[in-house]
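Read the structure below first, then the notes.
Lettered A, B and C in written order, each chain numbered from 1.
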Amino acid sequence: MNRLPLVSRNSLIQGTILLVGLVILATLPFYGSIYATILLSTVFMYIVLTLSWAIFSGPTGQISLATAAFFGIGIYVAATLGKQLPLLVVILTGGLAAAAMAWLVGSLTLRLKGVYFTIFTFGLLELMKYLLLWFEVTFTGTRGRFVVVVDHSTIYYTMLTIVVLTLLTAYLLRRSKFGLALQAIGEQEEAAEHIGINVTLLKVSTFAISALFVGAAGAIMATRWTYVDPYIAFNMNYSFTPVLMAIFGGLGQLGGPVLGAVIFAYLEQILITKFPYYYMLLFGIVMVISVVYLPSGLAGLIQQWRSRAMGGKYAHS
Amino acid sequence: MLVTILDIVIAGLLLGGLYAVIAMGLSLQYGVARVLNIAHGEFIMLGGLTTWALRAAFGINPLWGLVVCGPAAFILGFFLHRTLYKRLMVTSGSPGVFEGNSMLASFGLLFIIQNLALIGWRSDIKGYSYLAFPVNIGGALFGANRLVTLGFALLIGIAFYIFLARTRMGKAIRAAAQDPATAGLMGVNISFVLALCFGLGAAMAACAGMLISMSYPVYTAMGMEYTVIAIIVVVLGGLGSIPGSFIGGFILGLIGSLVTYFDSALALVAYYVIFTFLLLLKPTGLMGK
Amino acid sequence: MPILEGQGVTKYFGGLAAVSNVDFHVEQGEILGLIGPNGAGKTTLFGLISAAHVPNRGVIKFKGENIAGLKPYQICRRGLARTFQSVKIFPNMPVINNVVLGAHFGSPMSVKSKQAAQEAARLLDFVGLSEMAAEPARDLTLANQKLLEVARALATKPEVLLLDEIMAGLNQTEIAQAMELVTKMRAQGITIVMVEHVMKAIMSICDRIIVLHHGEKIAEGTPQEIVRSETVIKVYLGE
């Protein structure tokens, strides 16, 4: 966890690179094309989804398929409130609503053994979709709603902000005692409980935090679809894709999910219009290969190459 | 009034028979091989679409689909376990990790199978008519094809029960489900039994697909809905209990039929609500361990 | 007042009574041995005391407080820690982090990182694992993993420590070291309850012994009394 020296040459270099990258990204709308802005917004979205998923499911090992449910909540908050309230409020509400749902669901089900929890989160998505459908059909008479339109730059900057916040949260959590405790919970939950870790509270809180960013992202990305209905908003794709991206990228380092998200988000953009089936096929193949052959993902592989190239030892937590 | 109740009950049994076969296959794969096969529905889809394709191309009676799809799916499932899942068993550190990894691998498989099918068969809805004439039972009309489906579901269920209870391989399977380590020590070729179960599960799925194709339209995206139903039934019956899945299938079918009578849009919601309550209150289901 | 006590403690698993109507008390500063054939209910009793399980009947009190309704992490923060029969260290993190976690979360007050790190280092030294501080815990030998569990438990600043078969699978030298460690801990004022099968250890360091069989307490007394008890002899030789 704590490596000596605290601010090594390594982290100084990494920090500088990050800062430069941030500046480049922050100024992109001024010199980049609209296509680039839109593409990057989508990439940011996937980074947020993937990283958020990894914040909880990474250390604890409990696979959540609820990401799409939280995303959908954010979308629906924007669809419902977008016209009446200022954008910032809508985004915050989307995030908080998703976090609240995560808190509720988490409190009820995080004590469920591994597979049961996953199945439940999967069912949650479907339940929300069909409930909302039924609600709309029965009460409002309409299916779906129209969302307020927002310009590309605003979407871009909002997503960039959310990405930075998610990354920061993930980083700080990882380095803190809570991050270590989460890892302990994932490795040996009973022992963790017995050394004073309030497992339930920690799991539920982390789950809720991860949902916060997903909900906020949903609220802003909703403005891209002018029309949403339960099928569009609660799309299983947004649960599966982050899982693949995170596993392919690797859960050992923070950069893993980011790497996986960037690669696959970009791939999706290239392939999805002309070769949608081939894209998903590739998706599946990479998934299987990652699970079987790449236990620490791409980032882990890169780490291994680097340490072999340098000949030295990297202290691995 | 009585006719209505009979109507609902029989419709429920017809649906339930289908659910039972679908769930038994998944139960075998999870209960014994400990693989939560999210791609289960894709095998169902393959069974259904292959049957349709054979009929469309050669005019073959769909019941022959059982003879073709069943064994083919079995071989595919057996092979998949021997290569993919067995390897995962070796690399996963603990049973918990294996369950997670095998589920993720099944994910990947889902995308692979579904998209291969999409590339081959496109996404349009296909169907055919077979034994579609109505049969009158107690004043209500039911399609003969659906009755045949129920018949086969019962047949498969009973045949499988006998297989498990009476044959040597059946006993080996039950031993492996209870305690793989001890069963291995007693001379059971665990590796073979697990792959066998996985293959059998896939075969059942394919047969279910064929049965579905007789009465309902089939399309490449149909798998997911059935996977979900299978999971719900397996949890209802009790994870790890094959008889539980059989009974659970009929129970869910009856519930579905009842809810559909009042409001067909709520059927799936009802399934999920039941599912939620089950997981929260009695995750071991009716007959689970 | 005993620091830890129970009356009529009963626990069923399925239809079987794992622990049946057991009364026990532990005085502060003593070393209490808990013995009995396999399946006698010893580990279950530990689980009931640490709140991993909830008793079907009976009351358990720690420092005079009824622990019913408390969760394991609360019991730990109140000053009761345990080790596990099947060692439950955190395998993929460095040895020192295993202990750091105990230091951070085991006490009711918040602990700063530096403090926790120092405490962890001190405890690793106490059990003799300083050299392996940076190793992943899974790479340790069984004996060392058990020591690590003890260090981690100690990091939570317990007043009572439950040791579940820490000598199982150890060779003679390791057993002697473990015995010395237990004595050292008692010298620091920690009350110890130990489940053990290694009779030599039980007889020499325990002040009192409780014997369980089929979930029931069948004998209680000093090591000398237990050794001479006919009931106990029958149970151990008759199985």
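Methods note: a residue touches a chain if its C-beta (ideal position, glycine included) is under 8 Å from a C-beta of that chain, and two chains touch if they have at least 3 such contacts.
Because the structure is predicted, anything quoted here is derived from the model rather than measured.
Student: Please find the path from chain A to chain C through touching chains that uses the fewest steps, and give that number.
Tutor: Each step joins two touching chains, and the minimum needed here is 1.
Student: What is the chain whose Cα centroid lies farthest from the Cα centroid of chain A?
Tutor: If we average the C-alpha coordinates per chain, C ends up farthest from chain A.
Student: Closest chain to the overall C-alpha centroid, by per-chain C-alpha centroid: which is it?
Tutor: Answer for the innermost chain: A.
Student: Just curious, how far off is chain C from chain A if you go by their C-alpha centres, in Å?
Tutor: Averaging C-alpha atoms per chain gives centres 41 Å apart.
Student: What is the distance in Å between the mean C-alpha positions of chain B and chain C?
Tutor: The mean C-alpha positions of chain B and chain C differ by 47 Å.
Student: Could you put a whole-Å number on the gap between the CA centroids of chain A and chain B?
Tutor: 32
Student: Using the touch rule from the top, collect the residues of chain C that touch chain A in their complex.
Tutor: It is residues 50, 52, 71-73, 76-77, 81-82, 84, 88-94, 97, 100-102, 104-107, 113, 116-117, 134, 136, 152-153, 155-156 of chain C that touch chain A.
Student: Along chain A, where are the residues that touch chain B in the complex?
Tutor: Going by the criterion above, the answer is residues 61, 63, 108-109, 112-116, 118-120, 122-124, 126-127, 130-131, 133-134, 137, 236, 240, 243-244, 247, 277-278, 280-281, 283-292, 295.
Student: Name, in rising order, each residue of chain A that touches chain C in their complex.
Tutor: Against chain C, the touching part of chain A is residues 1-2, 177, 180-181, 183-184, 187-188, 190-200, 315-317.
Student: Can you list the residues on chain B that touch chain A in the complex?
Tutor: 36, 84, 87-88, 91, 96-97, 99-101, 103-105, 107-116, 118-119, 224, 228, 231-232, 235, 265-266, 268-269, 272-273, 275-276, 279-280, 283
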